[in-house]
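Next, two complexes with chain A in common: one pairs it with chain B, the other with chain C.
After this line comes the complex of A and B, so read on.
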């Protein structure tokens, strides 16, 4: 057992909170890239991004199910939940920043890093966590609650720590004749509350279903055990879907990772609105309609996170009410992205995802210095 | 943004009662100005924009009256302005009335046509009535159980 292994139930709950944060944090970058695509072009890319972002929503809900299964309290309105962009993520021996930007080669390079399957090389095996290289001011996603200045080798390793924590704590509990799966079953989100959600949602009630849930998240992202498909062999993992766009070619059955041999994929890298990356409300002129709309979107998004929190805390039917809100977000994001950004010729607006009441947002003073 | 485009946007805000943000949010403002140029010609478009820019800066009732008499009531500009309103609301350019063509001459590009596939989708009429275009921009499963969201009318002068 290494120094960063999960030892207490409270720590496992905190890890699962961070897993929810991590899964949620991938949604704004993917959504923004998706809706930055101009009408009539990049239909393949639109489809790829749409499928992936919906699966990230599923992962968020799965993580909430695991947390509920062990008696935790999912809280998407907790001040440290919503990430400030750019936020940092582990990628092997370095960490990198993931931000809000338009569909582009740069955006795809970042998305590949998010989903990259990564095994520690032999010389690093058992060497523990790695020193952060990104600024301590950025939100570190998938980090260890006890070691904020360090990061895991990969997101896969972060989830492995959770899986091992579940095994360890459940074995301990068993020795004392109990279980860690004491959560109220009515708090589980099951398929009837989850419409068209990118895969099967199942209740987490015990060690087996919890480990299956974690495996599903990892396999949909990076593939199963080095292969390009998830373990059902029918769905290409996110990493390889993004790679299809970068390489301009679809994968087909029998292909090796990195070498798709299927039909060509048409990608128009210019076919996206030129949004300003990681825009903050403070950068939009005061009194402008764009600023008002960006701030209104953030407030509405904050309310939405509260709605999800209630849904994950015993009112699963609220998820059905949340559906029209998500489609409303699509319409607003499209409008924000099509509006030119005042004082920035050739650049457009963007949702900023600065959630009111969140402590993870960049200090406003730093932003005003940037403008000045 | 050019002065010409600014004037077109200002005119469109006044004619449609939607905000600049809403109009720019359709992603179609430039294309609609180009449509006007193509169908009625740059000269008439410029006359329309000049008439808008020259409007007295009055607000409320006086402003509305000025738009009515100077633009909507003008023999040359009125029908063009009405076609522009319909264009914003439906994404379709509607052929100008026969009387206009007889008076000012018909234009080869002046036929009824949908500007582009996304113009249909982004028509303001859907937003105005809290609905969505059939086959596009679906509002999500179960949204029909909620009342339609109709945007508030922009604040007009209370006397208006």
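After this line comes the complex of A and C, so read on.
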């Protein structure tokens, strides 16, 4: 057993909290890129981004279901929950920054990194976690609670650690005639709250459903076992959908990774509003309407995270109330993105996602090294 | 279910003409044709579907193009998303004008022969009229199936409610109807003990609730009977929350959408309010969803079972004089909607299904000289007559929020008064006065041009005006009348040389009596709500009908029916109760045209149910 393995139920709960944090952290970048697209262009890209955002919300909810199943308490309002952008994510030996930016080639390059299927090269097999290169003040997504200065090789490895932790702790519990799945079933979010292009929402009640839930999250992001589709050959993984946009061509059944052969996809890389990446409220002149709108958005977003927390803590029907809030967000984000940023000629505003009460601050980066 | 990529590869005319016999040849890709195609494919049958439109909206990009056209259109009428295509023309209401006595107007696609000018529409593109429908899905009432016996009005169906009930449930599954059983148990409607609709009912809008507050607990008297007033939710063919109790606890998953690349499954209803003409998120059912499943069916050898030939207009039916069977179908296939250039091919099949809508199916039969033994092809044309009543509510009611129509006053859908006058169902329109006055555009123009408002005053002015608008649309029963009919005449042809439909219609007195009562009813409701009546009917309106000294602007409901009614014998009807032609044993005329009466139910759910019945008969015939 590696020293990085999950050994206690509390640790598993903390890992699942971080899984929720990780899934949530992908939503602001995807949502901002989606809403930065100008009307009338990039219809395919709009649909690709939209469905992926929706599936990330599914992943967030699935992670909450697993946490609830083992008696945990999802808390999206915890001060360390909301990421500060740019945040860092593991990508093989390095980690990289995920920021808030307009739809662009650069944004897509980042998105590909988020979803990249990562398998360790031979020389790194069994070598454990990797030293972070980013400052300890940066939100490090997918990190190990006991080793904050290290990161997993990939998001896939992060989730594998959770799956192994579940198997280990449940086997331990079994030996003592008990189970780790002691959560209140009424806290589970059930299928009627979600349907979309891919994946299903299901209650997590035991080892089997918990492992299925983790497999779904991994496969929707990365694909199944090196293939471009998920395990029922039905749904293209996020990585390959983003790749379709970059390569300008759709995948079709039978295609090999990296070589889509379907119809062309038209992408207009100029067809997005020029927003200032990773904008902070402090950069917007005081007293301007834009600053007021950006701050108001952040406050509402904070309330939204509190609403989700209540929904994940025994009041699932509150998710219905979250829907009009998402429309409100769309309207506010469009206002922010389509208006000029004072004192920055040629640049527009953006939501900043600085959630009141959040503790993380962005800071400079440092060198990385592999830790044995 | 997602639209498979290969389904976008359309069949070409040469392959179709040279490919021998199909098991089933279907004309039209609306809900009737889609259901039959899917049922046949699931039984392993080879199906050819002919669609007059371009088929461009089979892809999500094509669907989105329709939305873009709609967003940029000045007039937001039912047909505004759909490009003009002279080869598969469709009625477009803004072009209509009032007729002088004896006058015929051939300037629009449907030749209006009067005296009543109907703005009824149907949509000739992939998906048919389900591409623009409002998606309300009430069932017909038990009494609607035997109005002749009970009320001495209209005709009895050869089918009873009990005989069609199971198929109603299949249709509700196919469409994915959102409704709560407890809301639909009025006027004696019953559901088996464990039945639930596939999805939970959509909530009543705030406007509905405000109207209900003003009328609940009050009642009206008619012909000695008291009718309590209340706003009830409509069942809807649009996605809400799947009911986990559906299908004995198996639940329901909404499936299918126009999509080639797994980007959209058909969202949940978001209350965008432009349900008609086109839902931006495919929450509203359209037959492309059923066809997505049909196209995914493969034969054992892996080849597709359902082929779609678009830009193919059926023009003539060829009958074998020896046995009366349909031998083949002449089809004009055009290359480009902008040009009338086309080739004519012959399509062969074991069974032919005409599912082109009540008007186009009758037109095709009549253009082929097939009036049927009964002579009733084209006759008994029906469409719900709508009478609009509009008023300003005393308080802000949130008009323009929510699905087009979520609730209505429906307790006068049935009663002994039907011996004398038409029943009606009232829709409360969440989209304000748009249908009656062109709001909110008309309000904006008035506030800017006449009152010089701008900035915050203009915004406030719009909110004050629009969010208090209440439109009650009375959907009035229209009974079959043989003189209300579709005919053809070689002097009126379209770009491809096909004869156009000629419409002759008089709004029956039975209906006008209901309209006159409806107008009084609306005044009563407005008075109880404290709403200010703004209704007026312009004598120059194309649909203006005078009745007992008053005038009413009657609108078409786009619920076309009756041109090939079903009945008990070949002399009293065109088709039997399975929608099979009495005269041609391998021909099915399906859809609203088969309905002998339409009651006060929007026709789609009923005609969808009938097509499940016909599918079974077709499969039996093929075996």
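Following the convention adopted for this analysis, the second predicted complex is superposed on the first by the 354 of 372 C-alpha atoms of A that agree within 3 Å, B and C clash if a C-alpha of one lies under 4 Å from a C-alpha of the other, contacts with A are read in each partner's own complex, and residues count from 1 in each chain.
Throughout what follows, a contact is a pair of C-beta atoms (placed from the backbone, for glycine too) under 8 Å apart; a residue touches a chain by one contact, two chains touch by 3 or more.
Note that the structure is predicted; figures quoted are calculated from it, not measured.
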Partner chain(s) touched by A:252 [first = chain B, second = chain C, both, neither]: second
With both complexes superposed on chain A, which partner does A:173 reach: first (chain B), second (chain C), both or neither? neither
Tell me the contact category for A:347 with respect to chain B and chain C: first, second, both or neither. neither
First (chain B), second (chain C), both or neither touched by A:334: first
In the overlay, answer first, second, both or neither for which of chain B and chain C A:293 touches. first
So, A:27: does it touch chain B (first), chain C (second), both, or neither? neither
Figure out whether A:112 sits in contact with chain B (first) or chain C (second), or with both, or with neither. neither
Figure out whether A:43 sits in contact with chain B (first) or chain C (second), or with both, or with neither. second
Looking at chain A, which of its residues have contacts with both chain B and chain C? 40, 195-196, 320, 323, 327
What part of chain B is in contact with chain A in the complex they form? 1, 19-22, 24-27, 116-118, 121, 137-143, 146, 149
Which positions of chain C touch chain A when the two form their complex? 2, 5, 60-61, 64, 68, 200, 239, 241-244, 251, 253-254, 259-265, 267-268, 270
Chain B partner contacts - residues on chain A that touch it in the complex: 38-40, 195-196, 273, 289-290, 292-293, 320-321, 323-324, 326-328, 331, 334-336, 338-340
Name, in rising order, each residue of chain A that touches chain C in their complex. 40, 43-44, 47-48, 50-51, 190-193, 195-198, 200, 234-236, 241, 244, 250, 252-253, 262-263, 320, 323, 327
